[in-house]
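Presented sequentially are two complexes of chain A, the first with chain B as partner and the second with chain C.
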Partner chain A sequence: MSTASARASGRRTRRRPEDVAGLGKAGAGTFMTPALALIGLFLIFPALWTIYLGMTDYRLTGLAAADPSFVGVENYTQILADPEFWNSLRLTLIFVLVSGVLGQTLLGFSVAWSLRRLPRWAKGIVETLVLAAWVVPTSVGSFLWLALLDRRDGTLNWLLDTPGMAWLIEYPMASIIIFNIWVGTAFSMLLFSSALGAVPPSQMESARMAGSSTWQQLRDVVIPNIRGHILTNTLLITLWTFNTFTPYLLTAGGPNGASEILPVYIYRTAIPGGQLGVGAAISLLMLLINLVIALVYMRIGRGRKA
Partner chain B sequence: MRRKTAAGAVAGMTIAALTLAACSGGDDGGGDGDSGTLTIVTNAISGGKNEAEADWINEWVIPQFEQAMADEGQDVTVEFEAQGVDDEDYKTKIALDLQSGGGADIIGIDGIWVGEFAEAGYINPLEEVGGDAVTDWEGWEQIPDAVQNGLSFNDQVYGVPQGADGRVLYYNKELFAQAGLPEDWQPTSWEEVLEASRALAGIEGVIPIQLNAGTAMGEATTMQGLLPMLAGTGAEVYSGDQWIGATDEMREVLDLYRTIYVDEGLGDAVLQQEASGRDTSFSLFAEGEIGILLEGDYFWRSVVDPEVGTAPMENRDEVVGYTMIPAQTPGSGVNGQDFVSMSGGTGRVLNPNSDNPELAWELLAFMNSAEAYEARAEYGGLNISPRTDVNETLLEGNDMLTFISDEVLPITTYRPGLAAYPEVSVALQEATAAVVGGTSVDEALTGYSDSVAGIVGEENVNNG
Partner chain C sequence: MTAQTAKPLRPAAAPGRTVKKFLVRILFVIAMVVIGFFFALPLAWLVTAPFNSTPSLTVSWPDWTLDNFSVLAENPYALTSIGNSLMLGLGTIAVVVTTGSLAAYALSRVRIPGRDGLLYGLLLLSSVVTGTAAMVPLFQLMVTTGLINTQTGVILALSGGVLPTVIFILKDFMDSIPKSYEESARLYGAKPHQILMHVVVPIARPGLAFVAVWALVQVWGNFLLPFILLRSPESQPAAVIMYTFYTESGQADLSLISAFSLVFSIPVILLYFLVNRRYGFRFHGGIKS
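What follows is the complex of A and B.
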């Protein structure tokens, strides 16, 4: 919010009585307590606990499970020196950029854009189909994809006449990227559908009258009007994609770590690998990366409004 | 929200585990000694993994035990928590159960987990949990010391072993006949196994040999792949207080992997990298598409068994051959042996968090009575029992198990019962994964030796 608007709103509130609801400090506090307790219990405490765990050598079994010892930043130095972590971070960034930011956003927008002039019934059919991917539980969806990509009896090999092609082994990253686009495009489509509906028809009409091409209409009329939606959409998709665990169901991070994005890396370190302390430390790093992403977007958003 | 972060999941799970640990001391019913509820968990489920064991528990153990208790005037209910998942997932589940102070009263575990579970304080020596009745149990006399060791750690018995097993080479006799190989096959060196594989390579659509490799299969890679081969070179994974590192023997084993999967393409390297590669290799063998497969007797009794198998072969007895695993060359195996094998064993432990530990022991003893093993045999898929009195009658007429018991067990080797073993095992799996994936043997060997040094310390690694 810019300083000007802050001042404006400040002036407005000053005219009102301090205690709008008339509850008094104690009363308001009582109303807030349950919510604060829940936030504390389910958000703040786990976060603090993760920080603590990340500084121990806590494990699933063995001596360190019975009596974890404090190791300070050792977990972090170990992780940062581990090429597997950097590989995983690199894969995650590729995954987020290609499947989330580019794939879901562009495809979602394209579908929404091409739907806008279709008759209502046709639009309904396409939307239902796209939404189906979103509504199907991911465990079921990934099972369908396993059947599609299977090396021996897979549908894709039958369609392309490529017998014996092990898609998930040969192209693990491409497979989970396309899978994630399939899963998540519906959200962008819906969001952009409603955004496009809000573009003033008069502006579009004038652009067309002036003889501008589709590309010019998009650039000069549509995008400036829906910039806020684009930003929200990209922020949400980036964070979701960054944190999604679903690709594990397809490739389990394999082969040999070729599709081991960060959530999968954390899972494999902490649960089957038994290193709960190290897992907590990576989780915290991931949390920090998430915060940075969110802050960057918020900054862009603020800059836009100013 | 459908998308959940693994970070959140890990933190949440840990919180849940710790919160539970703080406020519960076992939540499986409550008893006053005369009545109670007992639960059993093992990785067995009707219609899936280890089906015969699950059916036996459901149909025989539970009703018989409840009846026996009722006859004594005790009202006991027994519940079975069936599981049918990968061994690694099962281990995680029961470790989390035990860590949170919960879990079933009787828990089926792999003998190799005893060390790390005991160190974590999840399980206690059996006599400590079950009391004097454990010491006085008649069954101990029937279970040889070597078998009891399977569920021991630091000279203390933590559970009742479920028997012994052994590894052999399985081969498909029909494919052998097609390739002009003898149906009654006993190779005496690695080279002879490779020769047979080369002959099988001539048959269209057949994978000559699968030697378990890679991380996707977990412990199966170590136990049914690398370790028997290592034993064939005369080395063991742990000897003289040191873990094996980048030695000549390790190099020879990795060279063998390279020959099979990369240089000669006798095995299917892609299969070893698939997330469900082991199950796929089972079904391919059952369909007659794999020539030679190294597996434990589990494969015979629970996978290709015509009735209770997960990949049943109707004509198993005619088609599937089994033979001892040869050392690299005659006499080159551990202790100068011509043939080698690896053995492990599973068992059942009592949960120290149990509300009714003494009652739970009664059930565990009941499950390990001679009578129970005889009943177990009727459900098929029987393994070699830990009890000598039972084996004398039951193994008679079962050629496969008699073969394991008479020929394989005398020459077998065991994994070290040390808490670091599971991590070293993962390093071994990663080394094979690297070689099968095309990395050079030298590089894989260095990577392996570095990982092991990271786990147990440089000074505890034998680099030859």
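What follows is the complex of A and C.
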């Protein structure tokens, strides 16, 4: 992007070589104002406002709703002393690690790797199924899993011959983890499919001629070639899994907070719980974690382009 | 497969190796079937239950009927909610396509100091400030401005969230438009907004269509923002209404839910495969986040 414009300005000596429409800086500013106003109001303002809200005792109802007062770091000391918060953070880490980093990445890679060896029709079927799970609206997807895991009539109990097994109550974390793998694997599959397509066939061929096993080919040829994609995938998946609210539709954080990942914890604290100030304080922690993940991602993305 | 059989350098495989290869092949097929089954099993209900005269939660071969869809038509909230989803989707498209293309055009054509930094900063921000992390301030913002429980509020909040990506994608499209078109239009005395409307927009139409579809898919499945910001069932979109269908009523009406799920899913599935065929979805992390 910047290199192209630099080249253009080098060739031509006009003052604003790019401004062919005669917009001018003022015009450009006018054109950008509506979009920037929306972004400012609904992205930048909420991010900054969270900092302030997190330091008030703002509540949904009652006295503190009309006139919230400044409480400083009180919310944070309250959160950090709350075992529910630590439980939620622990569950979130497990959720992100197992369903996102391990589950979606590994399954997505395996599917992408296997697809190359499948005949066209089988490839079409597998790809469509994985993509369909991703494309279906999340409300529908989660109901499909509620039906599958239902205690009385669920298909899974019927298949496994375990009548009356309440999967969502007995194994809430495992349920939302597997559900999230089901929902999100398509992205890793797409990303790794295109990455594998870009691995030089000559390298693969010579590795095969040298008699290396599949595992050796993966380790010595494929992984070094797609390292950048693995990083991109891991960081994006981490960010998305960390922020997903969808497990709420399956277990609503229950039973007894056993599947209460951070987004659900914030929601339950802030909206039904009415403690908007405390909710904002947890949100800020979450924003900071997001920021770290996104910065690492941007840094790698830029490094790769240069 | 062809590459595996062509191995002129290798001596004839020992029988042990052939057996091993055969076993590996069988394991591979089994693994693929299991994976296919894993993804298909939940989806099977979506395609069978709507056509079953007495749908249960168990997946079973339907006895083909369309009665469930008339149950859907009779429910007071079902069709309204799909209408609401459509309204949220089209509203967001209108907002992001107009404001986004204006901004993308300006960014593409005028050398603004720190432009690339601005773009990256915005993209960074849109992935950091997610609906889950910003739900409290957004909720409060809507309450204070009186936009709580209005479609407008949801449309604006959703637009703010997708705009950075929209601008980023559109700027790419605008960059590829030859500047000579605009130069000649300008020679004939066209004003910037005329150039935009009569020269740039017609050429950038595929980009605008892509962005519109992308935004619609983002909005169509979004649950959290409308769930927090819309309280009355008359104004809730399908994603939220569906959740109330199976939680608030103790006995879920499976005729309704099954037909509803299918009708609600079909637009995005069709759009997805249509756009995927046209442009390929290897774009900015795909269609869904």
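The rule we apply is simple: the second predicted complex is superposed on the first by the 254 of 306 C-alpha atoms of A that agree within 3 Å, B and C clash if a C-alpha of one lies under 4 Å from a C-alpha of the other, contacts with A are read in each partner's own complex, and residues count from 1 in each chain.
One rule holds in what follows: a contact is a pair of C-beta atoms (placed from the backbone, for glycine too) under 8 Å apart; a residue touches a chain by one contact, two chains touch by 3 or more.
These numbers were taken from a predicted model, which means no experiment stands behind them.
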Open item on the list: One more residue to check, A:101. First (chain B), second (chain C), both or neither?
Closed with: neither
- [ ] Could you tell me if A:255 is touching chain B, chain C, both of them or neither one (first, second, both, neither)?
- [x] first
TODO: Applying the touch criterion given at the start, work out whether A:154 contacts chain B, chain C, both or neither, answering first, second, both or neither.
DONE: second
TODO: Have a look at where A:61 lands relative to chain B and chain C in the superposition and call it first, second, both or neither.
DONE: first
- [ ] Compare chain B and chain C by how many residues of chain A each one touches, and report the one with more.
- [x] C
Open item on the list: On the A-aligned overlay, A:125 touches which partner chain: chain B = first, chain C = second, or both, or neither?
Closed with: second
Task: Contacts of A:24 with chain B and chain C, given as first, second, both or neither - done: second
Open item on the list: I'd like to know which partner A:169 touches here: chain B for first, chain C for second, both or neither.
Closed with: first
Task: First (chain B), second (chain C), both or neither touched by A:199 - done: neither
Open item on the list: Applying the document's definition of touch, where does A:246 land relative to chain B and chain C: first, second, both, or neither?
Closed with: both
Open item on the list: Show me the chain A residues, by the header's touch rule, that chain B contacts in one structure and chain C contacts in the other.
Closed with: 45-47, 49-50, 53, 137-138, 240, 243-246, 262-263, 266-267, 270-271, 276, 279-280, 283, 286-287
Task: Footprint of chain A on chain B - complex, ascending - done: 2-12, 14-15, 18, 88-89, 92, 95-96, 99, 113, 115-117, 119-122, 214-216, 270, 273-275, 419, 422, 426, 433-434, 437
Open item on the list: Under the stated contact criterion, what part of chain C meets chain A in this complex?
Closed with: 1, 3, 9-10, 28, 31-32, 35-36, 38-46, 49, 56-59, 95, 98-100, 102-103, 105-107, 109-112, 116, 120, 122-141, 156-157, 159-161, 163-164, 167, 175, 179, 182-183, 186, 192, 195-196, 200, 217, 220-221, 223-224, 228, 238-240, 242-243, 246, 257, 261, 264-265, 268-269, 272, 281-282, 285-289
- [ ] Would you pull the chain A residues touching chain B in the complex into a rising list?
- [x] 45-47, 49-50, 53, 59-63, 65-66, 137-138, 151, 166, 168-169, 240, 243-246, 251-252, 254-256, 262-264, 266-267, 270-274, 276, 279-280, 282-284, 286-287
Task: List of chain A residues in touch with chain C within their complex - done: 1-2, 4-5, 9, 16, 18-25, 27-29, 31-32, 34-36, 38-39, 41-47, 49-50, 53, 58, 107, 110-111, 114, 117-118, 122, 125-126, 129-141, 143-148, 150, 152-155, 158, 182, 185-187, 190-191, 194, 205, 208-209, 211, 236, 239-240, 243-246, 249, 262-263, 266-267, 270-271, 276, 279-280, 283, 286-287, 290-291, 294-295, 297-298, 302
